[in-house]
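The structure's right below; bear with me while I get my questions together.
Labels run A, B, C and D following the written order; every chain starts at residue 1.
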Amino acid sequence: MTSNKSKWESIQQKINIVIYGTSTPAGRLFDLVLLGVILLSVILVMLETVQGFDAKYHDEIILLEWIITFFFTIEYVFRIIALKKPWKYIFSFYGIIDLIAVLPMYLSLFLTGTSVLTIIRAFRLIRLFKILNHPQFTGQSIHLIDALYASRGRIFVFIYFVLISTVFVGSLMYVIEGPENGFTSIPTSIYWTIVTLTTVGYGDISPGTPLGQFLASFVMILGYGIIAVPTGIITSEIALNSKKGDTKPKQHPCSNCGIEGHQNNASFCFNCGSELNDE
Amino acid sequence: MTSNKSKWESIQQKINIVIYGTSTPAGRLFDLVLLGVILLSVILVMLETVQGFDAKYHDEIILLEWIITFFFTIEYVFRIIALKKPWKYIFSFYGIIDLIAVLPMYLSLFLTGTSVLTIIRAFRLIRLFKILNHPQFTGQSIHLIDALYASRGRIFVFIYFVLISTVFVGSLMYVIEGPENGFTSIPTSIYWTIVTLTTVGYGDISPGTPLGQFLASFVMILGYGIIAVPTGIITSEIALNSKKGDTKPKQHPCSNCGIEGHQNNASFCFNCGSELNDE
Amino acid sequence: MTSNKSKWESIQQKINIVIYGTSTPAGRLFDLVLLGVILLSVILVMLETVQGFDAKYHDEIILLEWIITFFFTIEYVFRIIALKKPWKYIFSFYGIIDLIAVLPMYLSLFLTGTSVLTIIRAFRLIRLFKILNHPQFTGQSIHLIDALYASRGRIFVFIYFVLISTVFVGSLMYVIEGPENGFTSIPTSIYWTIVTLTTVGYGDISPGTPLGQFLASFVMILGYGIIAVPTGIITSEIALNSKKGDTKPKQHPCSNCGIEGHQNNASFCFNCGSELNDE
Amino acid sequence: MTSNKSKWESIQQKINIVIYGTSTPAGRLFDLVLLGVILLSVILVMLETVQGFDAKYHDEIILLEWIITFFFTIEYVFRIIALKKPWKYIFSFYGIIDLIAVLPMYLSLFLTGTSVLTIIRAFRLIRLFKILNHPQFTGQSIHLIDALYASRGRIFVFIYFVLISTVFVGSLMYVIEGPENGFTSIPTSIYWTIVTLTTVGYGDISPGTPLGQFLASFVMILGYGIIAVPTGIITSEIALNSKKGDTKPKQHPCSNCGIEGHQNNASFCFNCGSELNDE
């Protein structure tokens, strides 16, 4: 019985190394194959919506999607088996993504039109960052996220003011231009204001009266100028962060619960408390 | 008589705490409810202009707008009652906004088409910053405004040169392209130049002649390049400000006159001179 | 004879103070009136091209333009009279602008269609900077120009690479999309590439084939990314300049030859060598 | 025999000075003429695709293209003759470009439609940087490339997240808007998302439903905000580099093998090992 249990533990550990490991050849190979399959699966869902392509290769696409779904299902089961405390993984961000990546195909057996939901598999592409688990690389990402996080207050103030402004300008343009120039309602006018302020400028709605064009010009110059504000905020944060020097993060997933995203200086998993090995 | 007066003062103080206070539970609740009502009121005015929605729910919208208007009227009266020297509030930025937020609905009884003016209530959303009266938060906003204020000279020079340039390019395009390609007049051509220079590019007017397309290409590359100028100005200002360290602002509204926007180190209201308490 | 000459010199000096002075009340008033007249003149030329407006007020516009032309002519003559060595002014940037600001109207007596050239008067609006001759203000402008000048090498390299890229992408799109999708020739395709790369996006020409849309997406992301390059160049220059501290420039025009643009530490006019007074 | 060989070496050296030299008058003249011919050749290929122009001057264009092709062929042969170890040049970046700049015209004798490939000659315009071989100038370019190279990690993370996001938003818009509003397939929807996120905004596809317009507004504000990220990355890199001071690069091409791109402090050619002279 004990030998039986230890044999099970031995199998469990081997699966763990292949699935969660990133430094062993087997672990790296598995990650690369997985990424390839995810990418293929995303491309398949896209092609399925292209009329001409789907008409020709409908059966082949469906077959391939089922094969990928089975592969993902097995992978999901193995991910659970490989862990001692699988619940942590199941309810983690990655665990939920992995589950809803396989559900839509099974649902499509009972409900039509759900197969398009398989596009949610694209979220699994974030796993690339696990594969690229190089200190210099993850350090770069953390810098970026830190800079964005540190600027959240000022960015919120900026967006709030921009939104209040779009309500005003939108209402004003609705009054000036009116439904005959495409400004059919205030929400539509606000949509136009955002299209203009962000310098997108579709041209599906554009001002027709001289006064409207004058106000639009003002909004454009404003939009052109205020783009400097978020840029300035984030640039100064990144510049400050860059001076602090590069730190080498330790971000291996916990071998116990599979959770990722540990602090650089963490020695224990923040989720299950087991010691983090450097692999 | 004295007890009557002191009773009145006691009521006045209670209203003051609810309306102007931000640190007591009652004060915070009032602010949150107020913000919600303002938001609801802005959404209502928007929906009123949507054809299909208004046709269905016209009576409900009008009813709700009247309820909100009564709520705002009572709030406005209470804001005046709660202060010892109400004139300061009445002629302040917030006081005027609060008044013109209720007027359009009453006017709409006599004049048609004025109900759209109630959109001015969106300005009341700026009160959010009073509710978010957290030192770190207001500090961020002040940094932003300081950086913009410090750069005003250079930004003015920049915009002035951009405007002179648009007059020239607009005139040149009018001569090159002419009315047959949509450049019906110099003001229209200037409008096109601003649309192009700011990289909005509606496409309602676009050059048709090779020479016009060449000049347009030049304007686009110019516009693409000079966007760097305001960004550079503001970024360097924000970067300089960031180094000066965060300051904890003291920005409670005066309990006497209700005015806001005090300096960080102010001990007395700059408006009525009464001492500022830290609440 | 001597008294006659000294009388003439006295008149000359008085005119000089009014026209070239910026610190006396008379000098400031003259500058403000001049700026107003230039602005009015620019607006008039614009309105003349607006069909409906010109049809109604054609005679009034022409009359006003002649009055302004006479005013500018007299001003030009006085500018020459007021100087001891007028040739320096006549062949300076401002002198040439001032002359060609009046010529088109006189030319329009003999040639039709030249009155639109009076738009060149807009260049005279640059004189605003003479009026705003405040040390802090001109210092700001000099900082900006210095930063742009210091970055000229890198900006040239950047634009050169962008232009070579547009030639390639344009040719590629011409081969891929062809005339049936609006890409009628390589120059037109290059025009489209610039419209796309600078994120203007008129939509007068847009890719129709999947391969074209794929390449276009690539160009857009590239254009979105490389906008960071000029911004980075100019921002770092402005940031470096800002650290050097504000300098108080001495930029009064020379009272002898009327030339402007002296170095901050200049004691003598770089053009005629006469001593510069600080007025 | 020895004198014959030394005579040959003397000729070889003379050609070398003219073709590879940048500091002698003959070398500079050759470079300028070459650049002019390359530019002319690029313009010719462009004009050939303009219908009206080609119809008129077809024979003249073809003649000129053949003359230029012969000139480039002779130049290519001379470049090979002038070097002692020509293989290094032949398989270098410039060598390959120089070869494929002449091939398409010869190919067009046997295959129709290949003459448009001569546009690849535009790549030869990169030689301008050889002519502008000024320390200050090349130093600037190296700074730029260094800054971009140092930011490659963060820029890759950024673009990867942007691409994953476009897949999601594109799929969502396909579900919301559907083929009736122009969102015919997920790839087309992703194309629209990129057009919107990068603020290009052609308007060939634009959302028609209120929900689609709401999501589009969200994408635009996001795109407007995240443009700050690459700008921040590159700006902070350039700012860091600027502080390190300007270095004087030594970038003459190797006189032996003709290869370019040597390190600033290189004394020997990294390609063939012969000593680098400072010319």
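The definition used in the following text is that a contact is a pair of C-beta atoms (placed from the backbone, for glycine too) under 8 Å apart; a residue touches a chain by one contact, two chains touch by 3 or more.
Chain identities (UniProt): A, B, C, D = Ion transporter.
Computed from a predicted structure; not experimentally measured.
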{"item": "Same or different contact residues where chain B (Ion transporter) meets its copy chain A (Ion transporter), judged by the half mark", "value": "different"}
{"item": "Fitting chain B (Ion transporter) to chain C (Ion transporter) on CA atoms, where both chains share a sequence, rotation angle to nearest 5 degrees", "value": "90"}
{"item": "Maximum centroid distance from chain C (Ion transporter), chain identifier (CA atoms)", "value": "A"}
{"item": "Chain A (Ion transporter) and chain B (Ion transporter), separation of their C-alpha mean positions in angstrom", "value": "33"}
{"item": "Distance from chain D (Ion transporter) to chain B (Ion transporter) - Cα centre to Cα centre, in angstrom", "value": "47"}
{"item": "Shared-contact residues (touching 2 or more other chains) in chain A (Ion transporter)", "value": "187, 190, 199-203, 227, 231, 233, 235, 237, 239"}
{"item": "Residue ranges of chain D (Ion transporter) touching chain C (Ion transporter) (in the complex, touch as defined)", "value": "42, 45-47, 49-51, 116, 119, 122-123, 125-126, 128-129, 136-137, 140-141, 143-144, 147-148, 155, 159, 162, 187-188, 190-191, 194-195, 197-204, 227, 230-231, 233-235, 237-239, 242"}
{"item": "Residues of chain D (Ion transporter) touching chain B (Ion transporter) in the complex", "value": "199-203, 231, 235"}
{"item": "Chain A (Ion transporter) - residues contacting chain B (Ion transporter), complex", "value": "153-154, 157-158, 160, 164, 167-168, 171, 174-175, 184-187, 190, 196, 199-203, 206, 210, 213-214, 216-217, 220-221, 223-225, 227-229, 231-233, 235-237, 239-240"}
